[in-house]
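Multiple structures are listed underneath, in structure tokens.
Each of the next two complexes has subunit A plus one other chain: subunit B in the first, subunit C in the second.
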Partner chain A sequence: MYRYPRWPIHLALVGVSLLMLIPFYWVLKTSVTGENIFAYPPSILPKSPHPFYYVDVWYYIPFARYFLNSVVVSAIAVIANVVFNAMAGYALTRDFPAKPFVLLLFLSCMMVPFQATIIPAYLITGRLGLLDSYWGLALPQFSTIVCIFVFKASFDAVPRSLIDAARIDGLSEWRIIWRVMMPLAKGAIATNVILAFIWSWNNFLWPLIVTRSADMQTLPLGLARFLSYQEDTTGALYAFCIMVLAPGILLFLLAQNEFIRGLTSGATKG
Partner chain B sequence: MAIAPAVANRPHRLARKRTRQAVLVWCFLAPSLAVFLLYRIIPLLWNVVLSFAAWSPLRPMRWAGLDQYEEMLHDDVFWQSLWNTLIFIASAPVGIVIALGLALLVSSDIRGRDVYRTVIFISYPLMTVAVAIIWRWLFDERVGLINYVARSLDLVDRPIQFLNSFVWALPSVIVANIWQMLGFYMIILLTGLQNIPPNLYEAAAIDGANAPRRFWRVTLPLLKPSLFLCFVIGMLNSFTSFDLVYVMTGGGPGRATELLVTYIYKLGFSQTRFDYAASVTIVFFVLLVGITWAANRLSGGNAGAVEKD
Partner chain C sequence: MSADEVELPLWRRLVINRFVLVPATIAVAIALWNGYVATHDHGIVVGRVVDAAGLPVPDAAVVLWVLNFTTYVEKTRATTDSAGRFVITNNDSHNIRLAAEKPGVGRSARVPVRLYFRAQDIELNEPLILSGAS
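Let's look at the complex of A and B:
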């Protein structure tokens, strides 16, 4: 049944893979040579690569500062996101009178994209006095509905008898959460951590709105700002690009399965 | 006080347990509810109010009725950005069809399929700002790879100024967007393909259905929910796209790549016209809900809305 030649499939997939990878190669090449900024025709292989553009990045821009800002904002967002989502997901496994209303509220909030809230969100953050601060940058990402439902599904899958047994053994509510529920929700936690991190790390629009001072800028902002100052005239821009992308690619390769599981579970929950 | 008999004590304890549970539930829900209230519900209502008012941070609020919606009717930039956004949305199916082909190829039992999957998926989780810079570079007029290839193959005699051309700017941004979303669509479709029971194919083969027939009669109908899901997500992604356009073209040249979100951003934060930006936001939101609702109706309620901030 499956006796067809394999090479056309490989050919097609190798072709597409090249289309996905060549852009990275082109930028990587520019970042170590800078040669095709002015030269035409551009060379395909790098001639005399050097690391000087990477050094330039350290002197041109406060890379360490941007990096630190991104790390701090992401850390706040991820921790708050996971804790709050887990709490809300756990609450939703219980029966309480207003539950249908709360579910409806969450589902309708899901229909409001962040982009449709930017003006009032900016004004609200201003009223809270959080403009241009780490908390203001992280606050809108403190809870995400998709991940609440991922947690709910994970908690729902815990057999009722196990919880009852724990209760009969005299475990308090808190101990049941910590000792029984949380260990069984490890998958949901991993999924949520990765999704929340990617969302926060890559976020551009909100930092663009909320930050004022150069000291509070995160990596994507720094990158966009560097572009607007330098245009395409230096290989340092591409070195910066690679430095920003590298940690993300590394993390993705390490946690690919959790990430994919998160996307597909989040996507099918609806 | 009389000592209550044990029987009467019971409902009392039950009620206390119920109160304790209610306290727990609401305490657990409170932080998430507060965040959604603060950053979803109040902003939405605030937008509605602002859209009917004339207001800027230094002036007191004044009732403006439908003035701003009327202004929108005569605002060429608004219509242009609406049109661009619709084209951007209409490009999503192109990516989904390509991704369907890829998913079928990757799901065949070839060697190295995990490697292919990873490579094709890798662009999705990357920072969009960096992706935009990469594609600016590829589309560059003098030394960009795309112009270089096109000139080497004698497809063009003069380099095309992709991002500075009224004709090419929007298609260029769309290409970059499809490039980034391709892997995501493929993953969703792969999951859908894996959920199709293999014995259906065997049964179809025994009944004499050839490969194209098996695809049209078995694969495609069973993949429908995944395809609709891709469509809804792709549409929402195009609809709310900001980073890519903002960095690649800034909405230009002229307004050739202006999208609704970039227009709202500019109205609010470069022109400080919060009130008018709010009216455009309301139109944007109503359109979004309308299109999502229509897609859901078409799919028979199968496709769920998923956000990607």
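Let's look at the complex of A and C:
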């Protein structure tokens, strides 16, 4: 039972939500009208909408190939993230010598931008013979520190007695992770999947450097290529943006409950 | 035991959830669309040519332009029959323009035609209207 009416809060939240959705709406509207974004006065509702800019994007560049490349690279990155981050997150819940130092090292590494490590990353990928390949595209995104801490926070919330019981039952550390911890960390898994997918999906700089053939390019590179091809691009460009954004938005909408739970797990104790 | 506590069989939990149903629906829609495209991509463009009075124009030359990167180039020509109908059978583009001409009757405006996929079979709703003969 509420002591005060809830509708003013809901009304304000709906208003703010609509405000946040305006840029998305504008991109969507422009993608079906081709209207110049600097047109004045701007039209709120689309005039004579049509889907042909999407058709243009599909045929002007090898969209299907870029899409496939992005899907494969993102899938590799997501699977690797879940596996490696879960292992690292579990390790950080255990007690071992110099654990505070390792935590500090992880946190300090978060402050180093990827651009600063891109040359060694390129050299390592080259030595491994993975340049211009799916594995090479996904390699630097195999693990992210933020997601390791998401798993750590989720695993910290699991009662210690449960792990002890599993150990008494004879489970190895490896099986404790996969049989005991992971089923209890669905929120953390969803968070990892969404973040790894979106980061990999939107990545531009690394694919730009590591790919050599046009067949290995991903969607963000395709967008740059598309811009360099076309002059009058307003409608097609926005259609391309929608086509690139759609999978990430769909994934987020599918897993948003688990995503929020994963981000907030371990935030409160007791 | 309440209804909420009844545990569903494993296969139902694995299959009947939004992570499977949504991608499956999208996959079905894509398959249906590809099926439609595969059965309607013969590159056939059908239309009519009429004069300013709305009467069919036989033996008019119809020209098809296709978008080649940034400019339209002539792809093929056809001639109308006695009923003013024309059939073009080798369009392989999704972005075309059509125009008709007949000496003594006039020429039509270049009509842009946008298609949903390459080589889509289409019958024009509006005829090409010849006018402006000198």
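Details
We take it that the second predicted complex is superposed on the first by the 186 of 270 C-alpha atoms of A that agree within 3 Å, B and C clash if a C-alpha of one lies under 4 Å from a C-alpha of the other, contacts with A are read in each partner's own complex, and residues count from 1 in each chain.
Criterion: contacts are C-beta pairs under 8 Å (C-beta built on N, C-alpha and C of every residue); 3 or more make two chains touch, one makes a residue touch a chain.
Keep in mind it's a predicted model, so treat the numbers as computed, not measured.
Put simply, more of the residues of subunit A are touched by B, taking subunit B and subunit C as the two choices. By the touch criterion defined above, A:Thr144 lies against subunit B but remains apart from subunit C after alignment on the C-alpha atoms of chain A. Of the two partner chains placed by the overlay, only subunit B lies in contact with A:Val244; subunit C stays clear of it. Of the two partner chains placed by the overlay, neither subunit B nor subunit C lies in contact with A:Ile168. Contacts of A:Ala64 after superposition: neither subunit B nor subunit C is touched. Judged by the touch definition given at the top, the superposed model places A:Leu45 against neither subunit B nor subunit C. Of the two partner chains placed by the overlay, only subunit C lies in contact with A:Val55; subunit B stays clear of it. For subunit C in complex with subunit A, the residues that touch the partner chain are 18-19, 22, 69-70, 94-95, 114-118. Looking at the complex, you find that subunit A touches subunit B at residues 1-2, 6, 9-10, 12-13, 16-17, 19-24, 26-27, 30, 36-42, 80, 83-85, 87-88, 90-92, 94, 96, 102, 105-106, 109-124, 139-146, 148, 173, 198-199, 201-205, 208-209, 219-220, 223-224, 227, 232, 237-238, 241, 244-245, 248-249, 252-253, 256, 259-260, 263-264, 266-270. On the subunit B side of its complex with subunit A, the touching residues are 21-22, 24-29, 31-33, 35-36, 38-44, 46-47, 50, 102, 105-106, 108-110, 112, 116, 118-123, 125-130, 133-138, 140, 142-143, 145, 148, 152, 179, 182-184, 187-188, 191, 205, 229, 233, 236, 239-240, 242-243, 246-247, 261, 264-265, 268-269, 274, 277-278, 281, 284-285, 288-289, 292, 303-309. Residues 50-52, 55-56, 59, 229-231, 250, 254-255 of subunit A are the ones touching subunit C in the complex.
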